[in-house]
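One structure is given below, represented as C-alpha cells, and several questions about it will come after.
The first chain written gets the first letter, and so on, giving A, B, C, D, E and F; residue counts start at 1 in each chain.
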Amino acid sequence: MSERLPRPTSLWEYANPRRFMAFSGFLLPFVAAGTVAALVIGLVWGFFFTPDDYRQGSTVKIIYIHVPSAMVAINAWLMMLVASLIWLIRRHHVSALAAKAAAPVGATMTLIALATGAIWGQPMWGTWWAWDPRLTSFLVLFLFYLGYMALWAAIENDDTAAELTSVLCIVGSVFAVLSRYALVFWNQGLHQGASLSLDKEENVSDVFYWPLLLCLAGFVGFFVLLILVRTRTEVRARRMRALQARERMT
Amino acid sequence: MELIVSDLAVVRGGMRVLEGVNFRVSSGTALVLRGPNGIGKTTLLRTLAGLQLADEGAVAPGPEAMAYASHADGNKGTLSVSENLEFWASLHGVDDISVALREFNMEALEARPAGSLSAGQKRRLGLARMAVTGRRIWLFDEPTVSLDVDSVALFADAVRRHLGQGGLAVIATHIDLGLEGEVLQLGPFKAEAPEDHHEDFHEAFL
Amino acid sequence: MIALLKRDLALSVRAGGGFGLALAFFLIVVTLTPFAVGPNSATLSTIAAGILWLGALLSCLLSLDRILALDYEDGALELLATAPIPMEGVATIKALAHWLTTGLPLTLAAPAFGVLLNLPPEGFLWLTISLAIGTPALSVVGTFGAALTVGLKRGGLLLSLIVLPLYVPTLIFGAEVARRGAEGMAFETPLALLAGITLATVALLPFASAAAIRINLR
Amino acid sequence: MMPDLGKYAAEVLSAYAVTIALMVGLLVISLRQSAKTKAALRAVEEARQARKAGGQETNG
Amino acid sequence: MIALLKRDLALSVRAGGGFGLALAFFLIVVTLTPFAVGPNSATLSTIAAGILWLGALLSCLLSLDRILALDYEDGALELLATAPIPMEGVATIKALAHWLTTGLPLTLAAPAFGVLLNLPPEGFLWLTISLAIGTPALSVVGTFGAALTVGLKRGGLLLSLIVLPLYVPTLIFGAEVARRGAEGMAFETPLALLAGITLATVALLPFASAAAIRINLR
Amino acid sequence: MELIVSDLAVVRGGMRVLEGVNFRVSSGTALVLRGPNGIGKTTLLRTLAGLQLADEGAVAPGPEAMAYASHADGNKGTLSVSENLEFWASLHGVDDISVALREFNMEALEARPAGSLSAGQKRRLGLARMAVTGRRIWLFDEPTVSLDVDSVALFADAVRRHLGQGGLAVIATHIDLGLEGEVLQLGPFKAEAPEDHHEDFHEAFL
C-alpha cells in the first residue's frame, strides 16, 4: 500500500479504498493536531477566562460543550445521510463504511448534548428533563442512532447491511424531520432559540462568542478525526474479511 | 425456445463463486448440474431465476420464463395441499391444479393440511407447484432430497412430460435421476481467486 | 394480488395464525395499566386516550414480525419474488392484510376498552376516528421495518427498535386528536396532519419496503 | 487558578466531566479497535504472503 | 450447567444476539409514553413508577421468545433433552441467562429513565429495589411461557398473551412498592409479597417449564 | 452391550405409524433402517432416543446410552466450530474434542464461526458432535443429507471406528453408505389402521 498512486483525476477517486487509506493517513496527523489545539484553547479560554453570565451564573460555561456537541450530533446524521445516498447511487464502498463509522460518534455526541443539557436544566429550569420539543427531538434522534447501529450489527453480510442501513437512514431522516415538526406542534418549549446565527443581533454576547466558535471547531475536528480513524478500521476489517473469504474459496 | 447462458459470473457472500459459465439448453431437453458441495449450484440457479443479479454475462430469456424450486418448498402448514397449489396457480394465472396433483401422486393427500405431511410428501407438494406455474423453464435445486425411490421416478416422469411438451429443465443434484439429458460439471467454472490488482482493491477490498 | 391477500387472511384466521392475538394483547395492556399506575379514576381518564393509542401501537408492533418472516423462512417469499407480481404489490398487500387483521379490529374494539380506562364520553368518537386514520400508517411503516429485518432470526426486538422511532409522528398526532377530542378542544390540525402522514406513507413506503425485501433476498 | 464557579460548581464540573469521559472513552475505544484490526489484517496478509511463497517453492 | 449458562451469555453478547435491545426498547417505551399521554409533568410524575414497571415488563416480554425458540428451531433443544442434564436445570439456566441479559440491565438503567418521566426523587431507590426483586420472577414466568409455546412458529404474540396474565401479581406488587416508595408511604407489605412471589416462582416454576418443554418435544 | 427393541409401537400425530418392531443390534455392528417416505423412520429414532414415549413395547438400554443426530444439527452460527463442540463435550463430561475434530476433518475449520460453513460442512460439524457425547449407541437420521461423496466416506469411517471400539449404530437413510451392517426394511411394520372397536373409542377416538 505504500507505492505511489497516479494523481486522482476526479473527486470520486478518493472513494477508492486504497486512495482513501493513503489520503486519510496523510490527513490524520494534521486533523489530530488541529483538533487538540482548538479543543484545548477553546475549552481553556471558555472555562477559565470568560465571565459568568449575570443570569445564569457560572453555568453558562456549559455552553462550550453543549452547543458544539448538539450541532455535531445533528450534522453527523446529515453526513450519514449523504454517505448513504452516495453508496446507493454511486456504490462507493468507503462511503457506506464512513456512514457506519459515523453512527457511534453521532450517538455519543447526542448523549453528550443530552447529558450536559440535563445537567444545565437542573439549575436553569429546576428540572433535569422537560418534554420540550428540542430536547425531545434529540432523544428521538438518539433512538434513530440506536436503531441504525443495531441494524448494522445484526446483519452478517456486509453489502446487505450497507444497503439496508442506507435505506433506513433515508427513510429515518424523513421521519426524523416529521417528528421534529410533530414535536413542535405537540408542546411549546422551554429551550432557547438560535443564538449563533450569522445576523449578529441575536447572538450571544461577544465574550462568549469566540471561545464558543473555537470549541465548535474543536468538536467538528474531533468528529472528523474519529470518522477517519473508524473508517480506516472498517476498511481494514472489510479487507480482512474479504481475504478470509477468498481463502475459504481456494 | 432456448435457454442461453453466456459468460455468466455469479457471486455469493461478496465473492465470485463461478465464472465464464456458458451453456444452451434447447426445448425438450434437460440439463443436469453437478459439482461438489459449495461449488455454487444453488447460487447459479438463483441467478438464473432472477433472485440475484449476475456479476457478469447474460441469461436469456429473463426470469419471467422460469419457475424455480429451491431447497425450501414455500408451502403453508395450515393450508391444505390443494389450497397451497391453488394459491400458486392463481398467482400465475393458471386455473387447473388437478394435473399437478395427479402427476405427483398427491390426489389422496389433497385435503390434508400441508403441515401434517412427511418430509417426502412435503417435497412432492413443493415439486407439484412447478406444474402450476405454467412456465416453460423449470429450475430445480436438489429436488430429490428426502424422496424415496418411487417418488424419484415420479419426479423424473413429470420432468419428462414437461420436456415432451416443449419445456426445458435445469436440475442441480448429487444423485442419478434416471433422466436422459446433458450433464454439466461445474468444477471447471470455479472462479479464480482474484489477483492482487491494486485497481481491484477499490471495489472488492481485495 | 387478490389471491395473496386471500391467502394471508386465511392464514391469519387459521389455527395458530394469530388473528385476535393483537386484540387480546391490547386488552391485556389496557387491563394492566390501572395495576401499574394505580386505580385513581381521575388520573386514568386523563391518560386514557394516550394509553389506548400506546396499547394499539404496541399490539400492532408485536404482530409485525409475522408479516414477512414466516414467508421468508419457508421460502415462500423467494417464490413470490419470482412470481408475476411486482414486489411493491407484495409489500402493499402484506401491509393491507396486516391492517385488516390488527389495525381494523383494534379500531373497532377501542371504544370498548375505553370504558375500562374511564375515557370521557366525548372521547370515544375521536379515539375511533383517529385510530381508523392512523393505524394504516402503523401497518405500512411496520411492513417497512419487517422488510428491513426479514433476513434475521428472531429479529422481533430489533424490529421494534427500528420501527418505534418511526411511529413517533403518527403517535403524537393520533393521540393528540384523541386527547383533544376527549377534552372538546380543536383537533382539525392534528387530524389533517395525521391523515397526511397516513396518505404519504401508504403512497411511498411500499417502494422502500420492496427494495428492502429484494436486497434481503439477494 | 481555578475560577470561582459559585453555587453551580457541581453542575459545571459534572457537565465537563461527563463530556470528557464520553469523548475520551469513544476515542480510546476507536483507537483500540483500530490497532486490533490493523494487527489482525497484518497477520492475515503475512500468512497469505507466506503461503504464496511456500506454494511457489513446491510448484517450482 | 455452567457450560450452558456460559454459552447462552456468549450467544447473547455476540453480534445479533440481542443484548442491549431490551434496554433500547425500554427507552423507547418510556419516550413514547409522554407523546401518548401528553407532556404535562405533573401527570407524568404520577404515573412514572407505573409506566416504568410496565415498560420493564414489556421489554422483558419481547425478548422471551429468544429464550427457547432459537434452540428449538436449530435442534439444540432436542439435543439438550438427550444430554445428561435434567430439563429442570435447563429451564433454570435459561431463565437465569435471560435475567442476566434483560432484567439486570433494566434494573440498573431504570433510575436514568425515571428522570425522563419526572419520577419524584424519593422514588428512585424503591423503583430500583422493586425491579431488582421483581424481575427474576418475570424471567422465570416468561421461561415457563416460552416453554409452553416453543413448538409454535413465531409464537411471540401468543406467548405474550399467555405470559401477561401471569405477570399481573408481580406487576401489581412491584408497581405498588415503587409508587408507595415514591410517595413516601408504607410499602413493607407489597414488598414482602413481591419477594414471596419471586421466591415461589423461582423455586417451583422450573419444574412446570421442564414438563412443558418435554411435552413440546414429544 | 446390546440394543434390544422388543415389540415396539411408535406414534406420530396421534396415530400409530409402526408397530411390532423387534430387533437387536449388538456391540460392534450397525443397523440400517430403510423404508419409503412417511413410514416412520424419524419417529422410530426419536422413540429410541427417548424424545417421545413408546406406545407399546420396550427399548433397552434407556436413552442415557444413546446419542441422537437428527435432521437439525443444533449448532450456533455465531459460535466457532470448536466452541460448539466444546459446549456439547462439557455437557457430556468429555474433555477432549480434538479426536472428533480430526475424525470429521474439521481441524482446518476449528476457528470458523459455524454460521459461515457450507451446508456440507455444517452437517459434518453436526456429526462430529456424536463423537464428543461419549455414548455407546449412535442414532442417525439421514446423516448424509447434503454431504458430497468424500464426506460420506469420512462419515462411514467414523462410524466404523466407533463400531470397532465396541459401539453400535442405528442409521436411517435412503442411500447406500458403504457400511457393512444389517438392513431393516420398515415397510412390514407399518401399523394397521385400527378397527372400529367400540371399546377403543374412548381411548383413541377411532
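What we mean here is this: a residue touches a chain if its C-beta (ideal position, glycine included) is under 8 Å from a C-beta of that chain, and two chains touch if they have at least 3 such contacts.
Keep in mind it's a predicted model, so treat the numbers as computed, not measured.
Each step here moves to a touching chain, and the least such steps from chain A to chain C number 1. With chains reduced to the mean position of their C-alpha atoms, the one farthest from chain F is A.
A turn of 175° superposes the CA atoms of chain B on those of chain F, with the angle given to the nearest 5. More contacting C-beta pairs link the chains of A-D than the other of the two pairs A-D and E-F. Distance from the chain B centre to the chain D centre is 48 Å, each centre being the mean of its Cα atoms. The geometric centre of chain C is 45 Å away from that of chain F, both derived from CA atoms. Centre to centre, using the average C-alpha position, chain A and chain E are separated by 34 Å.
Listed for chain E are residues 15-16, 21, 24, 28, 35, 73, each touching two or more other chains. The residues of chain A that reach two or more other chains are 140, 143, 146-147, 150, 154, 156, 186, 239, 243, listed in rising order.
The part of chain A that touches chain C in the complex is made up of residues 140, 143-144, 146-147, 150-151, 154-155, 160, 163-164, 167-168, 170-172, 175-176, 178-179, 181-183, 185-186. Contact residues on chain F toward chain E in their complex (touch as defined above): 49-53, 63-64, 66-68, 70-76, 78-79, 83, 86-88, 90-93, 129, 133.
Within the complex, the chain E residues that touch chain A are 15-16, 20-21, 24, 27-28, 31, 34-35, 39, 41, 44, 115-116, 118. Contact residues on chain C toward chain B in their complex (touch as defined above): 3-4, 7, 10-11, 14-17, 71, 73-85, 217-218. On chain C, the positions that touch chain E within their shared complex are 16, 18, 21-22, 24-25, 28-29, 32-33, 35-38, 43, 46-47, 50-51, 53-54, 57-58, 62-63, 65-66, 69-70, 73, 152-154, 156-158, 160-161, 164-165, 167-168, 171-172, 175, 179.
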